[in-house]
Amino acid sequence: MIDQKHQKLLDHLHICMTKCNHCFNACLKEENVDMMAECIRLDRECAEICSYLQAAITRNSPFIKQLAAVCAEICQTCGEECNKHHHNHCQSCADACFQCAKVCKEIM
Amino acid sequence: MIDQKHQKLLDHLHICMTKCNHCFNACLKEENVDMMAECIRLDRECAEICSYLQAAITRNSPFIKQLAAVCAEICQTCGEECNKHHHNHCQSCADACFQCAKVCKEIM
Amino acid sequence: MIDQKHQKLLDHLHICMTKCNHCFNACLKEENVDMMAECIRLDRECAEICSYLQAAITRNSPFIKQLAAVCAEICQTCGEECNKHHHNHCQSCADACFQCAKVCKEIM
Amino acid sequence: MIDQKHQKLLDHLHICMTKCNHCFNACLKEENVDMMAECIRLDRECAEICSYLQAAITRNSPFIKQLAAVCAEICQTCGEECNKHHHNHCQSCADACFQCAKVCKEIM
């Protein structure tokens, strides 16, 4: 039903959504939440578009390429913000975001 | 296309989603973000279900009542958390949440 | 909380989502559903992105312009398909899609 | 980050969403689309709630149980409709829906 290229993207989108939402919750428990505000906002943005694109791929949307382009940009931006912070959840999230952005770009 | 009862709910869901997302962003800019962590989490939860239920109503979902029951509970919980904080955005959000919970219950 | 330009877009997105979902359901009740298959698929696509963009605007997403660009393309494509069919729900949906695409382009 | 019980549900939700969206598209290509109208509508409903619940689980929503209860009901209803049709995509979707409903009930 779903070809190899899109299955690879589905896998990365799921991991990225999971890491972003984990980072979102973990940031809210950090001592200096003030420092994490932008990370929290972008984690949410990134998780939302990853969820949306997963659904779009499974319904064989005619607009996967265009959506993947926006998703790549959001993942990249979120990854760069997460990468500024030393917390494990931020670093792990940044990795997932950069990987997902890369796989999105392969689809575009 | 949409009857009066559902139109009223659509209006409240839109207001509640808007207030929750405004409160989410405003909480992230407060001085003591630490105090606002639960409010931020619940604002997101509440905005998500309000968005989902709006879409479900416009597609005439056969499951509006069941979704409205869950939405009522989430709005009520979010409203109670927001109500603990004196910020204008929290108080205004709490009002919208309680109103929306009430209108959800009329549909159930 | 939401400026005039974004409020105008919110209004058009809500109308477009509502018309697309109404057209989706009405197409499924037409005698020759076979003829309406592409319209049904695109109505769903269009309703989904309109719902997503509404939520993104209310949370003041930093990616509204990029999402509006994709939304404009999806609305335009859906409007062109609906416009091929003489049913009132298709014609009314096409109008809403073209209007929404236009307002999305003003934001981009 | 995600315990075994929720991971199992995530897996079933993903399969169910995928099967429902595949069935949605395949139904629209069948000769007698008229017969498939309710299946198409319910496939969409079911895919939407499965997508929503996946996101809710990954963000550790406090409302997973309530959402899983609604999801179980939607999966069950969709499975029963799909089960009426002999097409492979409908039968395969029915299986996924019943499995997903069962796992949702284990969470409730």
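Chains: A, B, C and D, in written order; residue numbering restarts at 1 for each.
Heads up, the rule we're going with is that a contact is a pair of C-beta atoms (placed from the backbone, for glycine too) under 8 Å apart; a residue touches a chain by one contact, two chains touch by 3 or more.
If you're wondering where the values come from, they're calculated on a predicted model, not measured in any experiment.
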Pair sharing more residue contacts (C-beta pairs) when A-D is set against C-D: A-D
Separation of chain C from chain D, taking each centre as the mean of its C-alpha atoms, in whole Å: 25
Multi-partner residues of chain D (at least 2 other chains): 25, 44, 48, 55, 59
Topology of the chain contact graph, where touching chains are joined (line, ring, star, complete, other): complete
Chain A partner contacts - residues on chain D that touch it in the complex: 1-2, 14, 17-18, 21-22, 24-25, 47-48, 51, 54-55, 58-60
Chain D residues touching chain B - in the complex, by the definition given at the top: 42, 44-45, 48-49, 52, 55-56, 59, 61-63, 66-67, 69-70, 73-74, 77
Interface residues, chain B side, partner chain A - complex: 25, 28-29, 31, 33-34, 36-37, 40-41, 44
